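A, B, C, D, E, F, G and H are the chain letters, set down in written order, and residue numbers restart from 1 in every chain.
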Amino acid sequence: MDAGGKKKSCITLNIMKSRKPFAFARVDHDRESRRGFPEVIYCAGKSPAQVIAIAREILSRSNQLLASRATPELARRFCRVFRRARHHSDARMLVVERKPIPKRGGTIAVVAAGTSDLPVAEEAVVTAETMGNRVRRFYDVGVSGIHRIMSIRQELQRCSVIIVVAGMEGALPSVVAGLLDKPVIAVPTSVGYGTSFGGIAALLAMLNSCSSGITVVNIDNGFGAAFAASLINRQIS
Amino acid sequence: MDAGGKKKSCITLNIMKSRKPFAFARVDHDRESRRGFPEVIYCAGKSPAQVIAIAREILSRSNQLLASRATPELARRFCRVFRRARHHSDARMLVVERKPIPKRGGTIAVVAAGTSDLPVAEEAVVTAETMGNRVRRFYDVGVSGIHRIMSIRQELQRCSVIIVVAGMEGALPSVVAGLLDKPVIAVPTSVGYGTSFGGIAALLAMLNSCSSGITVVNIDNGFGAAFAASLINRQIS
Amino acid sequence: MDAGGKKKSCITLNIMKSRKPFAFARVDHDRESRRGFPEVIYCAGKSPAQVIAIAREILSRSNQLLASRATPELARRFCRVFRRARHHSDARMLVVERKPIPKRGGTIAVVAAGTSDLPVAEEAVVTAETMGNRVRRFYDVGVSGIHRIMSIRQELQRCSVIIVVAGMEGALPSVVAGLLDKPVIAVPTSVGYGTSFGGIAALLAMLNSCSSGITVVNIDNGFGAAFAASLINRQIS
Amino acid sequence: MDAGGKKKSCITLNIMKSRKPFAFARVDHDRESRRGFPEVIYCAGKSPAQVIAIAREILSRSNQLLASRATPELARRFCRVFRRARHHSDARMLVVERKPIPKRGGTIAVVAAGTSDLPVAEEAVVTAETMGNRVRRFYDVGVSGIHRIMSIRQELQRCSVIIVVAGMEGALPSVVAGLLDKPVIAVPTSVGYGTSFGGIAALLAMLNSCSSGITVVNIDNGFGAAFAASLINRQIS
Amino acid sequence: MDAGGKKKSCITLNIMKSRKPFAFARVDHDRESRRGFPEVIYCAGKSPAQVIAIAREILSRSNQLLASRATPELARRFCRVFRRARHHSDARMLVVERKPIPKRGGTIAVVAAGTSDLPVAEEAVVTAETMGNRVRRFYDVGVSGIHRIMSIRQELQRCSVIIVVAGMEGALPSVVAGLLDKPVIAVPTSVGYGTSFGGIAALLAMLNSCSSGITVVNIDNGFGAAFAASLINRQIS
Amino acid sequence: MDAGGKKKSCITLNIMKSRKPFAFARVDHDRESRRGFPEVIYCAGKSPAQVIAIAREILSRSNQLLASRATPELARRFCRVFRRARHHSDARMLVVERKPIPKRGGTIAVVAAGTSDLPVAEEAVVTAETMGNRVRRFYDVGVSGIHRIMSIRQELQRCSVIIVVAGMEGALPSVVAGLLDKPVIAVPTSVGYGTSFGGIAALLAMLNSCSSGITVVNIDNGFGAAFAASLINRQIS
Amino acid sequence: MDAGGKKKSCITLNIMKSRKPFAFARVDHDRESRRGFPEVIYCAGKSPAQVIAIAREILSRSNQLLASRATPELARRFCRVFRRARHHSDARMLVVERKPIPKRGGTIAVVAAGTSDLPVAEEAVVTAETMGNRVRRFYDVGVSGIHRIMSIRQELQRCSVIIVVAGMEGALPSVVAGLLDKPVIAVPTSVGYGTSFGGIAALLAMLNSCSSGITVVNIDNGFGAAFAASLINRQIS
Amino acid sequence: MDAGGKKKSCITLNIMKSRKPFAFARVDHDRESRRGFPEVIYCAGKSPAQVIAIAREILSRSNQLLASRATPELARRFCRVFRRARHHSDARMLVVERKPIPKRGGTIAVVAAGTSDLPVAEEAVVTAETMGNRVRRFYDVGVSGIHRIMSIRQELQRCSVIIVVAGMEGALPSVVAGLLDKPVIAVPTSVGYGTSFGGIAALLAMLNSCSSGITVVNIDNGFGAAFAASLINRQIS
């Protein structure tokens, strides 16, 4: 359409590429000492190059690396660079453990209402395990068949923290918490349609539970629930 | 307060008062033949005089009268006019039954999650009874103590329609419906605070239930749930 | 970019694949005895492999199988495995009926406001028929031409339950319910644009109907409406 | 509690009182020539003194005065000052007509769904009449008894503009517009409870009507609907 | 992938295809006599085959056909079947006019705030012209340069109805209506980002205008605004 | 209107009064063994008589009683009946401790952003203390003066669980959690105006915190936060 | 109901009263040096005693005191204690100026759309003046009469910052900003009804303005707008 | 594709193409004199041809051109036409500066909370620089590591206006504003997931900041923040 339309005619400027990594990120190396775990990379909205540069920076001083919301494409590129990386595809997470954190405290239970909630539940499992916790899975125990929950009650009571993952009407945490004297962290998921509003229905149910003492994290935030559970579990000997 | 402040100086015009009742209402006398029950008066937003005028009109052709959302003040005035009226103060309803409708069909169960849900549950009870149904109450059986529901399961299974009234997280209908092969009509209530948003949390939970076949009515609409239950129950011999 | 970028370098872990089906699902085999119909598979958010594994498990003990929200791709794979499967493409449903449930009770009417509402209406039809009900369709009878509804009034009155499917302003259930003494289950659809907000306008209209006794299900939930209608219809001899 | 707590110790400053009326209002005297009717006073949020001062200013150059959302208390004070004022208490309006505008154009119909919608309908009636239009009222013709609308169809078709006032599910405008070839202006009202959300349900229904050509005004805005209808009607000879 | 994976093994059922057109649509042939214009096809959510079948049915009795929200793909197929069809690609509309409606009444002005609002404005223009109205366009006159509106004031005042199309903050109708004594129909568009919420910001601004007498249609509903304007304009001689 | 308007003419029926306490409540006596603390009475929406009846029932088997959201009027009546009751008026709570629970575990910190957040913070303090925890208060340390938080950092790090109470923009939990390796439970309050939407702004901020591991409870739910903190703290020796 | 019901039987505990002021507030004395003005008291949600205690603390080190959202009752009590206090009743503000800040920089214009917006506009005026700015008022210049804005354009252009206060559709800032090269700070007010949603309509309009460079504060936040304007104005010599 | 399917049969009409540029745009050439900078092109929703035509028109009278929200595809086409154009790909902006505006006033700081916020921050940087301002970047200083902000406090205090860009909980502006006596303009970004609601969580936090004097722009509106900052900065000598 334009003879001689050489690309040169367009001067493209991109701070991300033309500058040093530190132009876009200040890795908080002090975080491991303050919070007990190094900075975790939230991959959404970052280019593979950015994720890899930040990961390199973190691993220059830490033995652990956790990256969440990793696409398959990112995972492929990441694993080429970091040979010890593991890609948990269900959980959409990347993990590098040069020296695993020894297991401490009690056991964290991850309970999921339905099969569609598994990506979020697995994000919680991978996070909790990488942070040095023992984890047990209890999947597909939604309230439409209440006997499934009753049958695992004793096992849950033996855990120190319970993460409950549920979409749709988000009723499962209320039932579970009503049976136990352990802290329950509820994770609403975006599973559902129509008036589930991408997880809002479940979130509201969890915030308004008639069972006392449930705390809640953001929709689909399996990572955050496991991080909180780990902070609790570490203090339990 | 104002010397010579004669009211005459202000010409007040009010269609409600200066005209005949028919200026503001066209009573649908045909409704009883079409729908099996005469027009029900929704009192909110109507003056006592209006409610009484409409009630007179309805009773000129029907043996039953039901009025919902009646304030105590309205009830007092109403009962002075209609000697056979009963005021169900919990339910905020007024009933006139010149000739009660004979009981038909099966039994309607009214299940309520907590004590605060009772006004709505009682609205359902009074409506269902006035429309000629047998009713059983099951109150304060919320999911924070799941054994309470399990213990009434057999009794519920013997009913033909189940109305479940719940506020807060609205989880009770999911659990009840999962146990039975009877139609469950869920009534969200405005019980709760903060993110219950006046009953929206409960409503969304009910609309998104993982237990199949729950249908839902408006927040605090005990009347509507009972009306629907009655339409179902009448067909069951 | 990376010499020898062999895939091996990336250790991928996936609970869905590496474990047994029971890692992600606990089929509720008791459901058929409790609720009168086996577990129904909601396909959204499940992989074809998961759907097929769960279907196998259900069919190991039941004669019926119903799966909703099936994509064409899933349907193709499903039908290769289950030879007796039928794919209702309008309804986005998969059905396996080894021994059809005999027809019982009255007839369920499925009324739809417009042509665009048909996928949801057909989901209701297929569900109701598979659950052993007689069904009649009344399509494209929206309120912009009110005579269309008036002309089917007598036929509707002969049915035992009426499912009304409508998007946009969702006015049809109010008009239909005002004409009959049968239970009306309203299904809002996501048909519309702008302030229809994906079906919320229709949902709110149905929840706030001035015609008494309408009950409502989630947006686009033809399946749920038919499930509820079937629970009602079974009790009517 | 404080010896000598004389009021003097508190210096109170109030721009509303200490300055001239023009400190708080610039009456748009040119409006009558531009828009065909003088500025209308929206009383909500204004003190009686402010309303009266603005009214005086308007009447210094116009023969008509219309004030909406007047409380009974304001009306009392207003009528003491303006002897020719009429207070339409249903409509919450104050009118001063020194020389009524002659009737022009066709007739405006004001149709209301239920008795509770009357304050809004009357606001429309009073506005339209004051602006020089012939008006006909059709009240309590909601869609739960559709025959009521059918019976007034011919009368409506003879009007030039139809204002339809409805709360709850707001279905009436769709039915009315579907029957006529006249412009329909829909007014949602805040009548209802729960998910009517103070009139939002009705508003959304009206904006999403499947009947073409309905236009909509703000919730409870009977005044605005009549103003628009009057601008239309004036052009019709 | 599956030996013998013959398609036959999958029985596909599709009501849309296997039945007659009348299985999915009841064309309202009476509409032209009631409303002055035949049924208009809203193409979204309908297959090309459905649109064409409905169009044939309408044209079997009418001389005009209007179809909105037509994709380019649909337009191509449609134009192959109906040789006289015109495709207004900006407006996303298809028109067949066997015998154009003669121009009547005054002129309809279509005013648009910005260039991005043109698809909606053109939908209004095409609709109004097809329905037999004279139309004038006034584009790109948003309030950030208020002199642009002032300069067209006299021309607008000579029109009988003003359609104002605006996205973002939707302020243009308030300014236009404040200058004229003609009816203003406001059309919010989904132009904007972030808190424009797909046109809600503009819609709310229009519903809350401080200029009296503006009426509003659904977001992006240029068709509806023009339909309403045409019902008004037809009555003006 | 009615000579001799004797009250008798009105038959009032009230299930709350005419039946036994068990008509409206089923106290869950098993809860103390399951959850480690007896049922807590949420007073909102219950009559004083109901609260007192339920309290009697609970105290018939437990040594502790906690009642939240108690109005001053209820407190007065309650304290007349239960001589050992204490009324925490800031916290709107009633406490009866026949035999205080011995202090166990670590210390719970209650941090509040501003003076207006105190009622919620005090609800957390009273709950935590009654449930057998040591508590420390840190009030008025909002982020507009960040040095206030920095100065208490060491003290917070010595606690085992941190409850952070904040209204308005709800930023305090993010800052606090970023400094510590202890679990942080965030409580949004309804302090604010306009777009604080009764606490929604603060709630959303807390759910979306960039500091990992924060969990959240309902708006103004100081009780729930303390209950959760107590379940955590009990496990820490 | 209880013989000898002495008040003593109820032990009331109240942290607000029983402890020192510092139990509920940590006055940020450093703020004046950091931000150029001492801490401002937001009175909503604080008791008169609390406000007075905090005011004393602030005045122990500063010459200025500003308190917003003061009720008349609070003002009366406040003025008894602080003899130099002035109560701006329109603005709902309390001011103590021991030594007024000298006027600096340019002039701040406060523009208000309608008479009902004055309380918010006056809050801005009082704040700006107390913080040492010259202020000019331009009231009742809403867009329904656009000539009113045009007539003050030159005066506005001579000011250094423009605060524009508007409710309803919030269109005024767009028009004003389009005329000037000065920073415009928009303040939405809660003036309006129905879909104004307490100021949200105006807020959204302001955030989505087609006029570049408008910044916005919370609904009814005249104080915040003036604070920002003052930070700007101080830098202008 | 279709033998004989000649395109001729479809008459396509497109106002955008068939008419002159002025059919869709009226460039506001007076804007540079009124507002200090020529019209800026918002590219979203405009075709490349439209953008280029408008750009030509602007450059016929101005030396600067700024276009926002440019896709890479648009940039490519644009740069072929305008040889001096620069494409800032991070910022999604196109700039033509025939004669750069000389730097005036103080320095504008652009502070960003996280790496994902950079596209918005860069939009602010490019806008501010093109409008003749000195700019400093401070990136990745979110509140989860509060020391990062503390370390740049002195540098920020030396700037004249601070733009703070943040997604998720949007807490950064509160902390920054609490430390300085400079105007802070907050830009919420759509970074986040679940209840971040595309930037609403951050927006609300910023509108409800407890730090006085923050003003806010639309979500992701880096351009608007910089435009406002520039209007401020120009006045500071």
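By our rule, a residue touches a chain if its C-beta (ideal position, glycine included) is under 8 Å from a C-beta of that chain, and two chains touch if they have at least 3 such contacts.
For clarity, every value in this text was computed on a predicted model and none was experimentally measured.
Both subunit A and subunit H are touched by F. The chain with its Cα centroid farthest from the Cα centroid of subunit F is E. For the pair subunit D and subunit E, the fraction of shared interface numbers is greater than half, so the two copies use mostly the same residues to meet.
When the contact pairs of A-H are matched by residue number against E-G, A-C or D-E, over half are shared only with A-C. With D-G and E-G as the two chain pairs, more C-beta contacts join E-G.
Subunit D and subunit H have centres, each the mean of its CA atoms, that are 42 Å apart.
Averaging Cα coordinates per chain places subunit A and subunit F 29 Å apart.
In subunit B, 144-145, 178-179, 194-196, 200, 203, 207-208, 212, 218 are the positions where the chain touches two or more neighbouring chains simultaneously.
Chains that are in contact with each other form these pairs: A-B, A-C, A-F, A-H, B-C, B-D, B-F, C-D, C-E, D-E, D-G, E-G, E-H, F-G, F-H, G-H. Residue ranges on subunit C touching subunit A, taken from their complex, read 1-2, 5, 9-16, 23-26, 28, 30-31, 42, 44-46, 50, 54, 188, 190, 198-200, 203, 218-221. Note for the complex: subunit F touches subunit G at residues 75-81, 83, 85-90, 115-116, 118, 122, 137, 139-141, 144-145, 147-148, 191, 193-196.
Those residues of subunit D that touch subunit C in the shared complex are 113-114, 142-146, 149-150, 168-171, 174-175, 177-179, 192, 194-197, 200-202, 204-212.
Against subunit F, the residues of subunit A that register as touching in their complex are 34-36, 40, 106, 160, 178-183, 185, 203, 207-208, 212-218, 223-225, 227-228, 230-232, 234-237.
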